[in-house]
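For reference, the structures are reproduced in the following blocks.
Consider the two complexes below, in which chain A is the common component and chain B and chain C are the respective partners.
Up next is the complex of A and B:
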C-alpha cells in the first residue's frame, strides 16, 4: 500500500470507533423511530406495520399539536431571554475577576453535581405553601396566609432558567475570555465612556458566545419534559410531554415517534439556521 | 477449564515470552467475540439455573413491606435473590416491558383487571401451574374469577390485594359531614379552587367525572358531560399528581385539601399522624392488584415465590405494611386485628360492595379516551 493511500485511510481508521458509536447509538435508533412513525397503533395488541402517513398528517395538521409546539417554543424563548439577561453579567464578572476566577468557575459547575430532578424539586421546598419563602413572609407579617406560587407556567420557566443558566454563562464566558481587554482600553483612550466601550466593542465581539449559549438553552429548554411535570399545573405541558404521554400513557409508539421526529425537525432547522450564519465552531468552543 | 483459567494461562505464556503481544491480544479479542456471540444462546442453556427473580412494584411503603416480609425470607429459604424495581404507573411499566428482552422482567404488581387484559393482549402472559401454588386455595374466588374471565384456560397471575381510589381530604378544612354530603362533586367545588388535586391517570379522571355527572362509571352515556366535568376539575385543580409519593406530599404539606387517593397511601398518612380523612363515595373506584408473571420468566421459580407470598403469614404482614387488604378470603383465614380496620376491607369475601372497572369496556375505549384526556388536560 502506498504512503498516500495509507495516509488517506488513517483518519477513517481513527474515526471508526466514533463513527461506529454514532451509527449504532444515534442513526440506527433514529431509523427505527422513522419506520415506527409510519406504523399505526391498534386498539389492543401489537401495532399495525406498514406505510401509513396518518400519524404525520395528524401531527402536521392538528391544531392541538401546533398549539403545544408554539407554546413550547414560546417557553423556550422566554427561558433563553432570562438566561441571557442573568447570564451575561455573571459571565462578565467572572471574566474580569482576577484572583478567584477558578473558584467562581467551580461554583458555576457545582449544580451539575446534583441531579437535575432534585434541583428542580428543590423549588417545591422554596416556593411551596409551607416552603421557605412563604414561611419567612408569614413570620415577618407581610402576608397572613401562604401565597400560591407553585404549579404554573412561571414556575416552569423559573425551573428551566435554574437548569440552563450555567450553559449560558459558560458560553458567554468563553467568548468574553477570548477578547483582548486592551480593546476596551483603546476605546476609552479615544474618548468613549466605559459604557460606550462595552456597547460598541465588547458586546459585539461577545455576541457569538451569547448566540451559542442561546441556542443551547433554547434547544435544551424546548426538549425538556421533567420541569413542567414537576413544577407545572394541570394545563402546563411542553411538546416533549406529549411525546412522553403518547409513548408511555397511551402506548401509541407510532404517534409518539412522529411527534418526537417533528420536534427534532423543528429544533434541527433552528440549529441549521444558526450554523448557516454563525457556524457550529462557536458552540463546540463553548462546550469545551 | 473455565474462562478465567484460560485467560490466566494465556497471560502466563505472554509474560514468559512464549506468546507475542499481537497473538495474545488477538486471542483475548477472539474469546470476547466468541463469548458475545454465544451468550444469548447460553442464557437458554442456563435457564434452569435460576439465581434471581425480578419483581417490580409501586415503591414506597409497598416495596418496603414486600422486602421485609416476603423477599428476604424467600431468599433465605430458597437462595434465589429477588431484585426489586419500582414504577409510578402501570402504563409506564408496560412501555418498559414491551421494549425489553424476554426474561428481563419477571413478576409485576399490576393494578386492575384491565391491566391483566392488556398484558394478555400483548402476548405477555404465561401459563401458571396452580398446583405449584397451593396457597391459591385461600384466595377469594371473586378475585380469581375476574382473571379467569379473560383467560379461561389458564392464569398468568395470582390476586394479591385490593383497594379503592376514594376521596382523601384534610380534616382541618373539610369536615366528614361535608365530604359525605358532596361526595365526588367536591372535586369540582369552586369553594376549593387551587386546593384540589387529582391523579393524572385518564381512567381515574373519567371514573370520577362519571360519578360527578351521575352516571355509571362502567357505562358512561353522556361523554360530553363527563369531559366537561374533567375540564371543570382541571380549571379548579392546583396540580395533577403522578405518584403515590407526590400524593402524600401534596396532602401532608397542605398544598391541596382534597383529591382522590389510594386507600393504602391515605391509611399510611393517617398512621403518620396527619389528620387526613378518607371516604369512598357510592361507586367509588375499586380495584384489585395481582402478581403477574411475564412471558420469558423462570415460571417454576416464580410460582414458588408466588406461593411464598400468598402464605397467610407473609400475605398478612405485607398487607399490614402496605395498608391494602390481602386477596385472602377472610372467611377462610384469620386476618388478624389490623386488616379488618383497613379502608375498603370486605369481610364477606365476595367483594360485592365494591365497584370494579369492566376491563372490556375500559380497554375497548382506551385508545380514544386516553388521547382525548391529553387534549382536555391542556385546555382543549
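Up next is the complex of A and C:
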C-alpha cells in the first residue's frame, strides 16, 4: 500500500471505535424512535405499525403540549438568566484570584461527585416543612407554623440553577481566562474607569463563553425531568416529564417518541441558530 | 510633559520584597531606561508609576503632584505592553481612538488625531483593519500610537520590543527613539536588553534585586560601572580582585594578579574611597591580544588562547594568564589567533575602572 493511501486510511481507523459507538448507541436507537413515532398505540395488543402522522399532529396541535413546551422553554430561559447573573462574578473572581485558582476550580467541580438526584433531593431537607429553614424560622419565632416553600416553579428553577451553575461558571471561566489581563490595564491607562474597561473590553471578549454556557444551561435545563419531578408541584411538569409519562406510565411508546423528537428538534434548532451566529468551536472550547 | 519622582518606594508582595526603598528622579522630556535582569523589580517599578500597582510605602510624584491616590484612569499616562495588549474586538482606528473617547474630544477631532497618530507610526492605511490582521511589528506601532494619541504626561514602555524578532527589533528601536524625540514626551522604558538600553536612553537606571545599582548616561554606566553587578551585566567584563595601594586626587593604584600595579584615573574610580581591598574592571573589548609584547608603556602579560569564538567582524577569545581566565573581544585584523597560541595581552590602564572590594 502506498504511503498516501495509508495516511488517508489512518484517521478512519482511529475514528472507527467512536464512530461505531455513536452509530450503534445513538444513531440506530434514534432511527428506531423516529420509526416508532409514526406508529400508533392500540388499546389492546401490540402497537399498530405503519406511517401514521397522528402522534405528530397531536404533539403539534394539542394546547396542553404547547403550554408545557413553552413553559419548559420559559423555565430554562429563567434558569439560564440566573446562572449567568450568578455565574459571571464567580467566574471573574476565580480568573483573577492569584494563588488558589486550582482549588477554587476543584471546589466548583466538587458537586459533580455527588449524584444529581441526591443534590436535588437535598433541597427537601432545606426547604421542606420540617426542613432546616422552617425549623430555624420556627425556633426564632418568626413564623408559627411551617411555610410551604417546596413544590412550585420557583423551587424547580432553584434546583436547576443549583445543578447548572457549575457549567455556566466553567464556560465563562474558560473565556475569561483567555483574555489578556493587560487589556484592562491598557483600557484604564487610556482613561476608562474599571467599570468602563470591563464593559468595553472584558465583557465583549467573554461573550462567547457566556453564550456557550448559556446554551449548555438552556439545553440541559429544558431537557431535565428529575428536577420538576422532585422539586415541582403537579402543575410544574416540564416537557421531558411528558415523555416520561407517555412512555413509562401510559406505555404509549409511539406518542412518547413523537414528543421526545419534538423536544429534540426544538433544542436542535436552537443549537443551529447558536452555531450560525457564534460558532460551535466556542462550545467545545468551553467543554474542554 | 512631566518629570517623575519616586520617593522611598517599597513594594512587597507578601513576604517577598520586589522593590526595596528606591528613590529616583526621571527628568522631564528624557528617555530613561530601567535596565536589569528579570525579577529585578523594573517592571514592578513601571507598574507602580502607571498605577497598575500601589506602592507599599513611599510616594510617587508626577509633574510635581503626588499621584499615590490618583487612580490609573486619571493619571494621563501612555502605556505600551510587551504583548501589545491591543483590543482584539476593535479595529485599529477604534483602538487608537479608545483613549480620546474619555477625553471630551469631538468626533471630527478624534478622526483627525487618530489619523495623525497612525501617520506618525507610519501606518496610515490600516485604520479599518483588525489587530489580528497586522504583523507583530505593526501591532507594536499601533500600541504606541494608541498610547501617544492621548498626549500623555509620561510614556511608559514595558519591554515593548522583546516580542519582536531581531531585525525588526533594531528597526523599531530607531523608530521608537525618533517618535519619542519628535513628541518630546518623558519616557520610561523597561528592558533587560543592554544594547537597547545603551542605544536608546538619555539615562539608564540599572536595577538588581529590587535595588537601583547605578543611574547615569549610557557611556558613564558602561565605562564607569558603580558595582560589580553593573560591570558584569553591561557588556563583557573581566574583574580582578586586588588591593588599592594608594589613592589620591589623580586616581588610584591597584595591585592585582597578572598585571601587577595598575594606575586607574580618578574619573574611572569615583567609588573608591581609600586604600584597601579593591577590584579592577577590564572591559573585554579593551583587552587586546598581540603576537609580540607591546613596548609602548601599556600593561602586558603573556597568555595562552584557550578558546576562540569567531563572530565575523570580531572574535571573542578566552585566554589564560597566570591563574586567571580572561575574556577578550577583539576586532579582526588578519587571521584570528588559533586555540593554544602563545600571545601577549595588552591593556591601557586608563581603560580600566576600579571598584571597592
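The rule is simple: the second predicted complex is superposed on the first by the 288 of 288 C-alpha atoms of A that agree within 3 Å, B and C clash if a C-alpha of one lies under 4 Å from a C-alpha of the other, contacts with A are read in each partner's own complex, and residues count from 1 in each chain.
In this section, a residue touches a chain if its C-beta (ideal position, glycine included) is under 8 Å from a C-beta of that chain, and two chains touch if they have at least 3 such contacts.
Keep in mind that this is a model prediction, so the values were computed, not measured.
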item	value
Three-chain arrangement built on chain A, chain B and chain C clash or fit	fit
Chain B versus chain C as contact partner of A:187, first or second or both or neither	second
Touched partner set for A:11, first chain B, second chain C, both or neither	neither
Which of chain B and chain C A:41 touches, first, second, both or neither	first
When both partners are placed on the shared chain, which of chain B and chain C touches more of chain A	B
Which superposed partner A:151 touches (first chain B, second chain C, both, neither)	first
Chain B versus chain C as contact partner of A:235, first or second or both or neither	first
Which superposed partner A:50 touches (first chain B, second chain C, both, neither)	neither
Touched partner set for A:141, first chain B, second chain C, both or neither	neither
Chain B and chain C, minimum CA distance [Å, superposed model]	47
Overlapping contact positions on chain A, where the chain C interface meets the chain B interface	none
Chain B partner contacts - residues on chain A that touch it in the complex	41, 43-46, 64, 67-68, 124, 128-130, 148, 150-151, 229, 233-235, 237, 242, 245-253
Chain A residues touching chain C - in the complex, by the definition given at the top	180, 182-183, 185-194, 196-197, 200-201, 204-205
Interfacial residue positions of chain C with respect to chain A in the complex	50-52, 71-79, 81, 83, 85-89, 98-99, 101-103, 146-147, 150
Touching residues on chain B, where the partner in the complex is chain A	89, 91-92, 94-95, 98, 118, 121-123, 194, 198, 202, 234, 237-240, 242, 249, 253-255, 363-364, 366-367, 370-371, 374-375, 377-380
